[in-house]
Structure formats: structure tokens, C-alpha cells
Amino acid sequence: MIKITEKPIDIQKVIDATSSLGAGAVNVFIGTVRNTAHGKNVVWLEYECYESMAVAEIRKIMDEASHRWPLLGAAVSHRVGTLKPGEVSVAIAVSAPHRKDSFEACKYIIDTLKEKVPIWKKEIFEDGEEWISAQPNMEKSYN
Amino acid sequence: MIKITEKPIDIQKVIDATSSLGAGAVNVFIGTVRNTAHGKNVVWLEYECYESMAVAEIRKIMDEASHRWPLLGAAVSHRVGTLKPGEVSVAIAVSAPHRKDSFEACKYIIDTLKEKVPIWKKEIFEDGEEWISAQPNMEKSYN
Amino acid sequence: MKCRVKAFGISRDMVGQGEFDLDVPEGYTVALLRADLTRKFPRLRNLRSLFIAINNEYAQDSLTLAEGDEIALIPPVSGG
Amino acid sequence: MKCRVKAFGISRDMVGQGEFDLDVPEGYTVALLRADLTRKFPRLRNLRSLFIAINNEYAQDSLTLAEGDEIALIPPVSGG
């Protein structure tokens, strides 16, 4: 299962999408919005996504994970739009016969997702906003 | 949160018990009952627990994890009694500012739980039953 | 002194009961307890390992028991 | 040849629009596209990196564009 959604992520559904009677282990990674960044209060985040390519890239990452580890299921749900601190931005679940594989594969998926999948977040602070990781300081836009 | 329960584990509740506005990551491990073991069909499992000591040992493991990694929350729920294939036997959630810590701490907790916490499972096959990891072959009880 | 013994998992099958009282002399150690138990219940020798817990804590062989201690037989654990 | 360009994240702010058409000559490569875009939109040079995707795939600089290709500007990603 791969899902890009503006609605709150139902974590149990992401887990259920990986269920298998041969599985002894499911590892789940949940990304949540922190209330501070660079020592400042985050009011909200805006997530933007190039959806068709994001789905294709996530598919490649899941295929590569299934190639490297003996997985029984994998699911990724990523939220886009406006998110407040505490909300879930991404949920990844991986099921496998044994736990070591589930941990390693889940970590590989989130690490690679953060590196390659075309999704961008902008942090909105009380005094300005900033696209994350994008550029040197010169173009930050603060009031 | 530490819970030993005969009722199905509500994974979302285990996750919620670790929630923190400072958290950017939650890692969750879910142990599920496999439908085969040693090439045979598992009909069900019986989990038995020395509850007072199990809670104390889980507490120690969580304290040690909080000492080793900068955690914001941790929760362990372990099921006891009769479990069928596909059912959740244990759910562990760990929240932290950053994902690497959440993965490492969650893995430490399940690895150490399996090593030290006084909980035992008996696999019931179609032709007999067996306490897991307990002993050499001589005392397996098959029909 | 009276102590209470609890046996779990396969060790309960091996001693034939889940709980029983044990009368132990002053200065009785976990090492002595282990020797007496395996003499009384020889099937316990078939275990890959047998830990003894006293009052909810894994106990060293050198530990001396006290009146009212709760003794637990801990065969290899298999939780998770 | 006509291609469609999509700009995402901060690159959309830098080029001032989310989508636009681009007329490109035969044999036009991603390297040429990148040079032309940064000349036309100099703020793109401030990015830590700028990848180009063609038809939903990261593209090498040597790739040649074809009629109807969908070009995407991919500034540093920050999903998760």
C-alpha cells in the first residue's frame, strides 16, 4: 500500500495492510511534527508533494527493501497539506517472519524516503517561514 | 506505560501513551503469532507470565533505554493467555526527537524483553505441544 | 523459615505444581535451594537453564534466603 | 517541441509559478535545460541542489528531451 493523503493517517490501517499469517514481526515508523525547530516555535507545517513521482519513488524503495530483506508486507502513508505539531506526517509499516529484518527494512525505507521522495515541507514560525533543507541562509523569509 | 493483559492489544493506545510535542519520531514493534513453527502448523499459543516480576523487569529495561537514548516516551503492552495465529502478542512504542534513537531504543527493548522478562509461550500443534526454548528434545510432548 | 515457591512454564510441569511452601533452614542460599530442588525434581535437570528469582529479582547463587521470601523458578523465557 | 515544466517547493517561489510550457529545440538535453533555467531564474542558483525529473524519474544531465515530456524541478526534498 502506498498512499499520499490530505487526511489524518490511520496508523492501524497502515499496519493492517502488511498483515500476514507468516509474520512474527511488524516494525512501524511514525513521523510526527515537532513543536520546535532551530530553537523556535513551529506554528504549523505545509507539506507539498509531486504525487505521481512520489508514488513511483516510494514504489522503488519498497521494491528494493523487499529485494534486500525477506518481507511479507510493506505500507507507506504520507500526509500532505497543513499539519500542526503532534500530528502524524508519515507512517511506514513492514512485516517479516523475524524482527531484525522488520527493523532494518523499515529504517531503510524511511531513510531513503527522506533522501529521494519528492516531498517538501515548509515550517511556519511565529515570525516567518522556511522551506526545510533547501538553501543557504540568504533566502529565508522572515518578517 | 507497562501493561500485561489477557485482552487484545490496542496498538494505537500504546502509541498514544508515548506522545510528546517534542517528538519527531515514534518507532513501534509489534510481535505477532506465526502460523507455523519448525515446519508445523501452529494451532494456538499459550502465554504465561510471572506478572509482578515481568512488570519489574520491563520497568528496568525501559529505564535503561531512557538512560542510553534521549527518549520522550516508551510503552510496552504484552498479551498473555491463548493467542491464535495473526494475533498481536506484544506492542512496544518509543518516541524520541529523532528517528535513529527511536529505532535503536525500540530494538533494545524487544531484544532485552525476549532475553530477560519472565514470560513463557507454549506452542500447540495439531499433534502435540511444546514450551519454547526450554529444553533439549527429550521432553517434548507429542501424541 | 517458611518460603513460598512459584514454578512457571515448563518448570511447573516438571515439579507438578504451580506453588508450594518450602521450609528452609537459617543461612540457606540459592545454591543450596537449586541443589535440593533438582534432587527432589530431577526433570529440572533437562532444562537448558534454570534461573531462580527471589522477590521478583533474578538472584545470585550466593544470596541467602529470608523468612517469607517469594522464590520463583524461571526456565528459559520466551516472551515477545 | 513543447514540454511542460512543474516547479515544486522553494523552486516554485523562485520561478514565480508552479507550471509553465517550455519550447525546446530537437536534441535538447537536461544539461542545457538546467543552464537555461538558471540563467532565466537566477535565484535557482541559491539552492543547495536542484535535480531535474523527466516523466517522474530523476534524469541524468545527458538525457535528451522529447516532445510532451513532463519536466519537474526538484529542490532538496524534506519529506518524512
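Read from first to last, the chains carry the letters A, B, C and D; within each, the first residue is number 1.
Convention: contacts are C-beta pairs under 8 Å (C-beta built on N, C-alpha and C of every residue); 3 or more make two chains touch, one makes a residue touch a chain.
None of these values were measured; they are calculated from a predicted model.
Novice: Which neighbours do chain C and chain D have in common?
Specialist: Touches both chain C and chain D: nothing.
Novice: Using each chain's Cα centroid, which is most distant from the centroid of chain A?
Specialist: The most remote chain is C.
Novice: Taking the mean of the CA coordinates per chain, how far is chain A from chain D in Å?
Specialist: Roughly 25 Å, centre to centre.
Novice: Distance-wise, how many Å sit between the C-alpha centres of chain A and chain C, to the nearest whole number?
Specialist: 49
Novice: Of all residues in chain A, which are in touch with two or more distinct other chains?
Specialist: As it turns out, chain A has residues touching two or more other chains at 31, 110.
Novice: Going by the contact rule already set, what residues in chain C reach two or more other chains?
Specialist: None at all.
Novice: If we use the touch criterion from the header, which chain pairs count as touching?
Specialist: Pairs flagged as touching, ordered by label: A-B, A-D, B-C.
Novice: Under the stated contact criterion, what part of chain B meets chain A in this complex?
Specialist: Per the stated touch rule, the residues are 11-12, 15, 19, 21-36, 85-86, 95, 97, 99, 102-103, 106-107, 110.
Novice: Within the complex, which stretch of chain A touches chain D?
Specialist: Going by the criterion above, the answer is residues 31, 47-50, 52-54, 56, 78, 89-90, 110, 113-122, 131-136, 138-139.
Novice: For the complex, which residues does chain D have touching chain A?
Specialist: 6, 8-10, 13, 43, 46-48, 53, 56-58, 72, 74-80
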